[in-house]
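One structure is given below, encoded as structure tokens.
Chains here go by letter, A, B, C and D, matching the order in which they are written, and residues are numbered from 1 within each.
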Amino acid sequence: MISFRSDYSQGAHPKVLEALAATNFEHTDGYGEDAHCRNAAGMIRRLIGREDCAVHFMVGGTSANLTLIAAALRPYESVVAARTGHIYVHETGAIEATGHRVLAAEGEDGKLTPAAAERALAEFQDEHTPLPRMLYVSQPTETGTLYSRAELTALRALCDRRGLSLYLDGARLGAALTSEQNDLTLRDLGELCDAFYIGGTKNGALFGEALVILSPALDDHFRWMMKRQGGMLAKGRLLGVQFEALFEGGEESVYFSAAAHANAMAKRLREGLGALGVPFFADSPTNQQFPLLPASAVRELEKEFFFYEWAPEENGRIPIRLVTGWGTTEEEVDAFLSRLAVLLAR
Amino acid sequence: MISFRSDYSQGAHPKVLEALAATNFEHTDGYGEDAHCRNAAGMIRRLIGREDCAVHFMVGGTSANLTLIAAALRPYESVVAARTGHIYVHETGAIEATGHRVLAAEGEDGKLTPAAAERALAEFQDEHTPLPRMLYVSQPTETGTLYSRAELTALRALCDRRGLSLYLDGARLGAALTSEQNDLTLRDLGELCDAFYIGGTKNGALFGEALVILSPALDDHFRWMMKRQGGMLAKGRLLGVQFEALFEGGEESVYFSAAAHANAMAKRLREGLGALGVPFFADSPTNQQFPLLPASAVRELEKEFFFYEWAPEENGRIPIRLVTGWGTTEEEVDAFLSRLAVLLAR
Amino acid sequence: MISFRSDYSQGAHPKVLEALAATNFEHTDGYGEDAHCRNAAGMIRRLIGREDCAVHFMVGGTSANLTLIAAALRPYESVVAARTGHIYVHETGAIEATGHRVLAAEGEDGKLTPAAAERALAEFQDEHTPLPRMLYVSQPTETGTLYSRAELTALRALCDRRGLSLYLDGARLGAALTSEQNDLTLRDLGELCDAFYIGGTKNGALFGEALVILSPALDDHFRWMMKRQGGMLAKGRLLGVQFEALFEGGEESVYFSAAAHANAMAKRLREGLGALGVPFFADSPTNQQFPLLPASAVRELEKEFFFYEWAPEENGRIPIRLVTGWGTTEEEVDAFLSRLAVLLAR
Amino acid sequence: MISFRSDYSQGAHPKVLEALAATNFEHTDGYGEDAHCRNAAGMIRRLIGREDCAVHFMVGGTSANLTLIAAALRPYESVVAARTGHIYVHETGAIEATGHRVLAAEGEDGKLTPAAAERALAEFQDEHTPLPRMLYVSQPTETGTLYSRAELTALRALCDRRGLSLYLDGARLGAALTSEQNDLTLRDLGELCDAFYIGGTKNGALFGEALVILSPALDDHFRWMMKRQGGMLAKGRLLGVQFEALFEGGEESVYFSAAAHANAMAKRLREGLGALGVPFFADSPTNQQFPLLPASAVRELEKEFFFYEWAPEENGRIPIRLVTGWGTTEEEVDAFLSRLAVLLAR
């Protein structure tokens, strides 16, 4: 069974596993207060080009999202997300569990637009409504699309105008940063966002996300928040060690090469699918591809390949999600394309 | 620097790391829905001797505690713990963050007694008070002491009489199960508790705890609760793989031998300290030791050894905590004792 | 200044005030445990025709909604409401404050349809999403429209099919029950709903709502919930006394006659506005009317009449809300219509 | 049956009821945005001697406490109260429901001491514990005792030193202000507290408490918090009207004379009980008295008088609570004393 199930279906990139093995017998203090975490944080600060930001290593994405949002908002405030945003559709109400509404706004191509955000702000402003105070975006989005520099700058301007903070969920940030369509750098994110996280789980780490907080107000007593929300890892150094391994070498590091590889495999898939005349449910320049396949072909493919059906069958076609990762091979991609070619030719 | 800082100051037991490496390139489904998790859960069920319990793999102890307690209690209910209980003194209000009071009862030797629990129940019963509905204990306790079979049975009887559930925090359960003083087996816990967790983080895993839920009512939609509270690991199989490695061989497995080793090192420490005439702050038969040392000796020891001062200096003495683990060596223990002997002889 | 601002802009119906004065010097026990509350609850049970329901007197509507919903839902569950529902647009996130999502579904004429509810259920069913377990409706709706017996029965059938509970917010229930278009009785609500409340604040009480819980599961320890959420009135008997006064005489009581009067005044307004050729923003058969008036007329009317602008000006017209109550007089209605006639004739 | 059950067992002081009747047919805007609320707030500001404080009218004490505390604290912060404090023993976990621990400190005579508060602060300071950031006191305390000016000043000094806010629950503040032992004025409270409330429910109002917020930080978006927590009354003017009636005349107003009367009746009770040689459970100079009576006498008294047994029988005696109010008469007091004299003489 060849897997395009997800970019977290394997363990860690070999370099990460090596680093964990190499440091295994060290004794360090717990809870992220160790030299590896300090070192990894420094590496990240240098990539962002800002010394004045906080870096906290979190175990997972939902934990990062709920802790940051709960830390940032006052009780009566809400966060605006695209209707398809991860915190709205895939986190079992984790944000609401902290007492805050996720205000779902209609998006375009999975993206929150300034216009949609403005409409939400206009509707919810008086004291009888929860007050929107943060925009949540993810880069790439749930369907693999990207915010351009201009788009993110426009959201930033809106935030400045209306007193909101801007938070970017970077679960797959590597895939965004190394996409051919991308024009946003880590330095840009450091200037445009109040906080964002650099996802490790889906790009070579066993687990772990590096949460970067640019606005000091959001960082106030953040470690208390981490512990309170169950998100402070006892052996915190595991996260430091992994991010050291991922970012060793800076722009030439595993983090970027692994993501570039995943994107390359996705491009091979995309081009192969295109050559077969397959339409797409969403137009993604990153490591997730969403072809719309005949239901009969999907049923056959499922016998040999592991992937998600993204949405129910409609008009005889099913959108599926194919995800590539650091471990995806050209052979796997080609095997999929070949099998599909046969099925479509029937 | 020799470390007696904690049993989570190193990485993983070599067998655990080997297992992670051996399975690293496998593709599996996420969120704990994979063969390793199923297999590890089966191993644990067999050790407990019950096929009808649920096993959920959690990332850490605070996450396990808050998710289980939030799942078990109705909004107006509270959980009773000893005044020294981990959820009261060391989790930054994580239980209260889910809306529930931790009702602190005076304990004895770090343990919750039926009498103290009864007093709490007597005080908080009418509709103007939060209603106690769970007892929280940890085995061993924060100061390394153990509940005997008779003591836990007495708490169980109280729970049955008063309609409470009994939850046991086993962050260091290995050290309890392999202590010379212990008379409680995993099978006993499976009969006496409504839920308990088998700690991995502090006994050889990189991270992870196996939460065992015996009462079906507490397991209702538990995976929704895990996700909502940010405690569902994307690469859930990492937890399954680690617990497979820990419990391979059953009673002869790493989980028991690693803990037995830690206890043996602690005993060597305890006996050595006793031979030096050192008194103890708490009388622990497990892998944490709490000698009361002259402040001057503590200041010198800190130059070569890494440990916690457990409480402030009083009458010229400081209680320190020395923790042994699977990686502690006889040489490390003896180095500490030798150095201390010299300091005490001055 | 003549007010059509709201049905809570005056104090209490004279009969209610008389009852408060007549009982003022009695000493009773607190928190609703008094003879007046017991008596009023009995009167309500008889009107519903069920002896087996619980009646709790609440101070206000938001308090009733949040307490009932928080009592009914498990932590990971959500409540589905029409996009225009009060709990979504007018309660400052009070439901989310208890940890639950309000899932906004598109409605028709302010009403939640089975189809919209089904779509919400279809979208949010797996363990990565909050699980819808309750439908919230209000009768009449925010724009004064009514669920028919057939419509509410269809929602009930959906609830039965999908294991949901059905909760009806009756802030203005009197206006619904006495509307010419209504075909739903209190007995029907007692059969179709799991819980509903009979609004007092907007129909003659100084304040207070009678929450009726039909499903025993939702009533479990409900008084604990009331106290915990800050909704248990110390002098609870004030609520009992008021509802005694409102329902004295059963079907012939102040509750029904006051609401019928308000509806009659609204009808006089509606017919008068229709005669002037005024279109309506919403077609309401109850005590709220929503004419679409020329902006210039609205500006003039505001000098003599007190009312809400319901939405921003569009194409030169503003929808306003005119609310009648037990205290509205024919003279007030006619004054408004006369003034408007003059303005429209300009 | 003569009642010493509580100071909320009757309706409203006649002047308050008159004011409600006199204003009943006025139309005003809702939610406290009316002239009566503005006027009453102004009266209170003048009594406090500060124009720069916010006054919010709340429906009840628990609602006032939970809303203020939830508004003041960041998620990871806790509030310190005496072990006997109302928020700890009598509000069903309403504070914990907002996510915050109530840290119970041992008190003296029902009062929180700086030493006890300091111990709590010392114990809970690192990032693994909820951070104490507010002291909660009530004046008078649950057992009727009073903080002196010196005592409250000492707590204020502690708050300044440690960056805490000081909140005073004045459910029975009238009884404190008019007690012979009192040396604290409303002006003092305005200088020493960050927030406090002036209780109406227990001193002549039908219901309602005037919450005074001195620190602007605690008042930020407070009306959003009120609505979110279900504590914003639709007919807010009812609270304004009542407090106008209570404070009409300033220092000579009903608020002070009613409380002074209650205290006088309590003193008559206290002196009468003393003359009968009855010991007291607590030494209260306010309108609650706690005599320790023979259990046999209590059983007889309960046939003719309505009161609380404060604690279980011990050594043949039961502490009971006798509460006087604005409506208590000398005849009622004397009837109690006479009956008791007969019983004690048996």
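A few points about this structure:
Please note the rule applied: contacts are C-beta pairs under 8 Å (C-beta built on N, C-alpha and C of every residue); 3 or more make two chains touch, one makes a residue touch a chain.
Not measured: the values here are computed from a predicted model.
Counting steps between touching chains, the shortest path from chain A to chain D takes 1. Across A-B and B-D, it is A-B that has more C-beta pairs touching. Taking the mean of C-alpha positions as each chain's centre, the chain lying farthest from the centre of chain D is A. Work out the mean CA point of chain A and of chain B, and you get 33 Å between them.
One finds 43 Å separating the Cα centroids of chain B and chain D.
Under the contact definition stated at the top, the residues of chain C that touch 2 or more other chains are 75-76, 91-93, 97-99, 127-128, 130, 224, 227-228. Only residues 31, 70-71, 74-76, 98-99, 127-128, 130-131, 220-221, 223-225, 227-228 of chain B touch chain C when the two sit together in their complex. Only residues 1, 3, 5-6, 8-12, 14, 17, 20-21, 23-30, 59-63, 66-67, 91-94, 97-98, 201-202, 206-207, 224, 227-235, 238, 306, 327 of chain C touch chain D when the two sit together in their complex. For chain A in complex with chain C, the residues that touch the partner chain are 75-76, 78, 89-93, 96-102, 104, 123, 127-130.
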